[in-house]
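Next up: some structures, all given as C-alpha cells.
Note that subunit A is present in both complexes that follow, paired respectively with subunit B and with subunit C.
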Partner chain A sequence: MKRNASRKTGLLTAGLAVYLLLVLWGSTGWFPKSWQQVPSRMPIYQYSPPSREHPLGVFFQQDLLITFVRSTQASFVAGTIALLPFLALGTLLGIASGLPAGFAQALANRTIDVLNAFPRFVVLLLYTGLFAANLYHMLMLYGLISAPKLAELLRGRIDQLRREDFIDSCVALGLPWWVIVRRHILWHHSRHLILAQTFAMFAMAIFMEASLSYLNLGTREHYQSWGLMLNYATSVSGLSLFRFPLSAQFNLPAALPALGLLSVTLLLVSLSRYWEQQDRLKMGRMF
Partner chain B sequence: MVKRIRQLGRLFLQAGLLLLAVITVEYALFLISPAIREDIAAYIQRHVPALAPGGEPGSWPILVYWKFYFYWLGELFFKGSAGYQANGENLIYLAGAPFRQTLMLALWGLALATGLASLLVFLRQSWPDKRPVSWLVQSFEALSGVHYIIFCYFVLYGLNLRRPPLAILILIIALGNGVLLDIVHLLETEINEIRHTRYYQGIRARGANRFRHLARPVGLCLTRIVYTKFPVVLGGTFIVEFIMNVWALGLETIQAVVKHDQLKLLVITVLITIVVWVSTVLNYLAKWKLDPRPVVRL
Partner chain C sequence: MDLMVEGVSIALQRGEELAYPARRISFTVKPGEFLGLVGESGSGKSLTMLALLGLESCSPGVVEGRVRYRSEQGQLYPLEGLSHYVRWHGGLPRKRTAAWQRTVYRRMKPLLGRRIAIILQDAHKTLNPFLRIEDQLLEMVARQGRADAEKAGWWGRWRQRRSIHQQLRQEALRLLKALHFRDPERVLRAYPHQLSGGMAQRVSLALALASRPEFIILDEPTTGLDVTLQAALVDLIRQLKQERRLSGIIVSHDLMFVGKVTERMAIMFSGELWEIGPTHNVIHPDFPWKHPYTSYLLSFARQKRRGSAGPAFQNVLWQRPKQGCPLRKSCPVYLHQLDMEQRRQCDSADPSPVPVFPEHYIRCWQYAWEEQKHAAGY
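On to the complex of A and B.
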C-alpha cells in the first residue's frame, strides 16, 4: 500500500517535471536550425511525415514538434493567467462569505450565487461576441467566474473551523480577525485545499484555452495552441487516427495535441486529487 | 395548506422579480459597448421608427435605448416576438427547435452522468473490497478524464460518425462523460459525510432500513449536485454542437459571435437566463420538498 502511494507520487512528480521542462523549452525558443527550416513551396494544408530534419514531420508549414512545444508553453501561460484572478477573487469571496452575518457576507453570498448560475463557456462566448476580446482577457474572465468554487470550499472550511477551540483561544488572546483567518485558517488549515483547487483550475483553464482556440475565438496571428492544432488537423485529408502510429497515413497532427491535452489534464487532476487527499488526512477525515 | 400556497406564491413572485432584474442588468451590460448601441439604433430606425428621436444615432440619449428595452421586453413576453434578423426572420425561432435540442442534450447528458455516477458510487459503497468493482469504477473514472472536445473529435474525425441519431447519442455520452468524474467524486464525499453522522450510526445500531433513511439526505445531495453541474453541461453542449455541426443554440451562438449579431446574442442570453432561472426555482422547490427545515429563501 505504502509502496503504491510512493510510486504514484513519483509518477506525478515525473509527469510534472516533464511538463515543466517542455514549458521551459518552449519559452527559451531554442530549436535546432534544421527543424526551423521548412520548404517554402510546401502546400499549407499538407502534412509531411517524420524525417531526419523534422522528427515529427511538418504541418501547416511548421515543424510539428516545434508547434507542439510552443503550444505546451501556451497552455502553461493560459493556466497561469486564469489562475491569478481565480485565487484572488476566490479567497476574497470565501473569506467574506465566511464572516459573521452582515452586509459583506450577504453581498459575497449573492455574488457567488450569481456567478455560479451562468454557464461559464456561454459567458465567455457572449463576452467575445460583445466586446471582441482576445484570448487572454477571456481566460482572466474565466478565472473570475470560476472563483465561486474556491470561495464555497473556503466558506465551508471557515464555518467548520469556527466551532473549534483553538479559534476561541485566538479570540481570547486578542488576535485580530484577519490574522486568525490568514494564518490559522488559510495557511495552517486550508493550504492543501487551495493547492488542490489550484491544480484543478489549471487543468480546466488549459481545456478552456483549447476549446476557445479550437473555435478560433480571440486568437492572434501566429498563436500556437493544442486547440488550434486540432482545428487545423481537420483540414488535412487522407490521414486517419486508426493507422499504425509510424505509418505516413497516421494523423499525428491530431493525435499529438489530443495526447498532450489528455496527459496534462489527467496529471493536473491527479495532483489535485492527491492534495485533496492530503487535506482530508490533515483534517482527520480520511475515509 | 393556505400557508404553503402563500409561501409558494411569494417564492414565484421573488423569482420572477429576480429574473426581470437579471435580464435588465444583462441589457445594461450590452449597452456598455458603443458598437452594440449602434446596432440597436439601426434596428430602432428600421423596425421601431416611433422610438427614434431623430438626428444621428451617436447623439441619442441613453433613455431611448431603455425605452426600446421595455418595448422589446413587452413584445417578447406578450406577443412572442423577439425582434427581426436582417433577412426578416423573427428571432423567436431560437426558442423553438434549437433551444429544445440544446436542452434535450444537456438534460440527457446530465441524467446519464447522474445515473451512472449513482450506480458506481453504490457499487463502491456496497462492495468496497471487491477488485472487479474497483477496476470498473477506476476505468470509468479514467474514461471520464477524456474531455468532450477530444471525445467528439475522435468520434467525428476518427470514426467518421456524423449521422443524426448516432451523433446525438454520442453527444449525450460525451456530455455525460465530461462531468461523470466530478459527480462521482462529489456524491461519494457527500455520502461519506452522511455515513459519519450520528443519525446514520443510530440507524445502523437500531438495525433499521438504511436505504429508506438515507434516501432523503442523498436526494438532497443529488439535487444540489445536479443543480451545480447543469450550467457546466449546458456550456459543454454549446461546444459539442459546434464540433458535431448540430443545429442548436450552441451553433447559433457561435455563428452570432462570429457575425457580431448583437440582437441574436441578446435573445440567446435571455433564453439561457430563463433556463438558469427555471433550474434555480426547481432546485429550491426540490429542497423545499426534501429538506425538513421549513425556510425557503431566494
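On to the complex of A and C.
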C-alpha cells in the first residue's frame, strides 16, 4: 500500500515537473533557430510532417512544437489569472461566512448563494455578449464566480473548528480573531484543503481557457493556446482528432493540444484529489 | 486585580424560552486572593466563568447583574446594563443575542490574555494538535513584547528575526523551567499528543502565564491528574501566588484540592451559590455553620473511599420550582429535622444569604431563623 502510494506521489511530482519545465521553456522564449525558420511559401492551413528542422512538423506557418510549448505557457498564465481572484474572494467569503460576524456573515452567505445560482459558463457568455471581453478578463470573472466552492469548504471547516476546545482556548488567551483564523484555522488546519482547491481550480481554468479559445470567445492578439490549436486543427483545416484509419502523423496538430490539455487537467485533478486525501487523513488523525 | 460579580444571571435560549444555568451569582475576589468555585458536574460553574469572560459558549450569556474587573492601577472594566438586551416576550430574538455576545467580547478583549488568563478543562484538548509546543508558547510570549517589537517596525523586526526568536525562546524556556519541567527543550519540540496529562496541564498553565496576567481562572485543573501530580499542582499554584501576587478563581468539583490552594470558597449547585466564605471555615468539619449541601459534599469527600455519603441532592437546574427553596425535595434537613412551620417557610420562599461569620454567607432558612432569634435577644 505504502509503496503504491509513494509511486503515485512520484508520478504526480514528475508530471508536475514536466509541466513546469515546459512552462519555463515557453516563458524564456528560446527555441533553436532552425525551428523558427518556416518556408514562406507554405500554405497557411497545410500541415507538413516532422522533419529534421521541425521535430513535430509545421502547421499554421509555425513549428508545431513551438506552438505547443507556447500554448502550455499560456495555459499556466490562464490558470494563474483565474486562481488569484478565486483564492482572494473564496478565502474572504469563507472567513466572513464562517465567523459569527453579524452583517458581514449574512452578506457573505447571500453572496455565495447568488454566485451559486448562476451557471458559470452562461455568465461568461453573457459577459462576452455584453462587453466583447478580453480573454483574461473572462478568466478573472471565472475565478470570481467559482469562489463559492472554496468559500463553502472554508465555511464548513471554520464552523467545525470553532467548536473545538483549542480554538476556545486561543480566544480565552486573548489571541485576536484574525490570528486565530490565519494561523490556527487556515494555515494549520486547512492548507491541504486550500491546496486541493487550488489545483482543482487551476485545472478548471485551463479547461475553461481552452474551451473559450476553441469557441473563439474573448479578444486577444498574437495568442497561442491549446484551444486555438484544436480549433484550427479540427475546424479550419478540416482535420479531425479521430479519423480512420488512425494516422498519428496526420492527426498530430489536433492530437497534441488535446493530449496536453487532458494530461495537464488530469494531473492537476489528481494532485487535488491527493491533497484532499491528505487533508482527510490529517483530520482523521486529529478527531 | 480584583473582580466583583453582583447578582449575575446567565441565560440559555431553549426554544422560545430562556433557561438559567446560573442565577443571581454574587462574589468578589480581592487582589492576591484565590476563590474556589466548587460544585458537582452540571452545576453551572464552568459556564458561569466562561460567560463572565464573554466567551461564547452560551447564548445569550450574562443577562442580568454587574461584573467589574479592576486592575492594579485602578482601571475599571465594567460589564453593566446587561439586562437591556433581554426581551421577555417570546424569548430572545437571535439578532440581539449575537449583538450581545459581540458587546461582551469587545469589552473583555483588552483584558483577555493580558490581565486575565483562563485555562479551560482538559489541557490536552486546549492545545492545538498540529502545532509544536514551541510555536504555541512563543506566540503567547511574543504578544507580551509586542509594544517593543512594534517600535522596531516591520523591517527592523525582519532584520532581527533570529535574535528576536532566540529571545522569545529563552523566555519560553525560563517559563517552562519555572513550572518544574526537567527537560524544557524537549517539551518545546514536542507535539501535544506526546505530552502526558500532567505535562499538558503545566504547558497550558505556561501558555496562560506567558502573558503575565494579574488574574487567572483555572477550570477543573485536576482533570486527568493523579494524586502526585495534583500535589505538584498545589505547590505550583502556591508558589505562583507568592511570586506573582496572582489572584484568581479555581473551578473544580474537588473540594479537598480547592481547599488546599484557595483563601475563600463558594459552593454552587443547580446554578446557584449556596455558601461563600473563608475556605478554612467552609471545609472545616467542626465549623458549626454549614449549608446542608456543603455538609453533604464534605461527608462525600471524606467517605469517598468507604462508599456513598447518603442520598444525593437533586439537581433542579432545568426544573426549578416556581417558589420556595429549590433544594427542599432532597435536603436532609428539610426532610428529617424541620417541623411543619419551618417546612412551610422553606416551601414558600427562596432563602437569602445570611451572614454567619465575617465574610461568610449561607443561603438557608435555618440560619435566617437563628439570626432572627439572635436579633430578638434569645
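As a working rule, the second predicted complex is superposed on the first by the 267 of 287 C-alpha atoms of A that agree within 3 Å, B and C clash if a C-alpha of one lies under 4 Å from a C-alpha of the other, contacts with A are read in each partner's own complex, and residues count from 1 in each chain.
The working rule: a residue touches a chain if its C-beta (ideal position, glycine included) is under 8 Å from a C-beta of that chain, and two chains touch if they have at least 3 such contacts.
What you see is a predicted model; the values in this text were computed from it and never measured.
Asker: Which holds for A:L11: it touches subunit B only (first), subunit C only (second), both, or neither?
Answerer: In the superposition, A:L11 contacts neither subunit B nor subunit C.
Asker: Have a look at where A:L262 lands relative to subunit B and subunit C in the superposition and call it first, second, both or neither.
Answerer: Only subunit B; A:L262 stays clear of subunit C.
Asker: Let me test your reading of the model: by the given contact rule, A:H189 touches which partner, first (subunit B), second (subunit C), both or neither?
Answerer: After superposition on chain A, A:H189 lies in contact with subunit C alone.
Asker: With both complexes overlaid on chain A, does A:D168 touch subunit B (first), subunit C (second), both or neither?
Answerer: second
Asker: Should A:T128 be classified as contacting the first partner (subunit B), the second (subunit C), both, or neither?
Answerer: first
Asker: Comparing subunit B against subunit C, which has contacts with more of the residues in subunit A?
Answerer: B
Asker: For A:P100, select first, second, both or neither according to whether it touches subunit B, subunit C, the two together, or no partner.
Answerer: second
Asker: Is A:L217 touching the first partner subunit B, the second partner subunit C, both, or neither of them?
Answerer: first
Asker: Give the list of subunit A residues in touch with subunit C in this complex.
Answerer: Per the touch definition, subunit A meets subunit C at residues 100, 102, 164-166, 168-175, 179, 183-184, 188-189, 282, 286.
Asker: Please give the residue numbers of subunit B that touch subunit A in the complex, ascending.
Answerer: It comes out as residues 22, 29-30, 33, 36, 142, 145-147, 149-150, 153-154, 157-158, 181, 192, 195-196, 228, 231-232, 234-236, 238-239, 242-243, 253-254, 256-257, 260-262, 265, 268-269, 272, 276, 280.
Asker: In the complex formed with subunit A, which residues of subunit C make contact?
Answerer: 53, 55-57, 95, 98-99, 101-102, 109, 111-114, 117-122, 125-131, 139-140, 143, 204, 207-208, 211
Asker: Residues of subunit A touching subunit B in their complex?
Answerer: 114, 116-122, 125-126, 128-132, 207, 210-211, 214-215, 217, 227, 230, 233-234, 240-242, 251, 254, 258, 261-262, 265-266, 269, 285, 287
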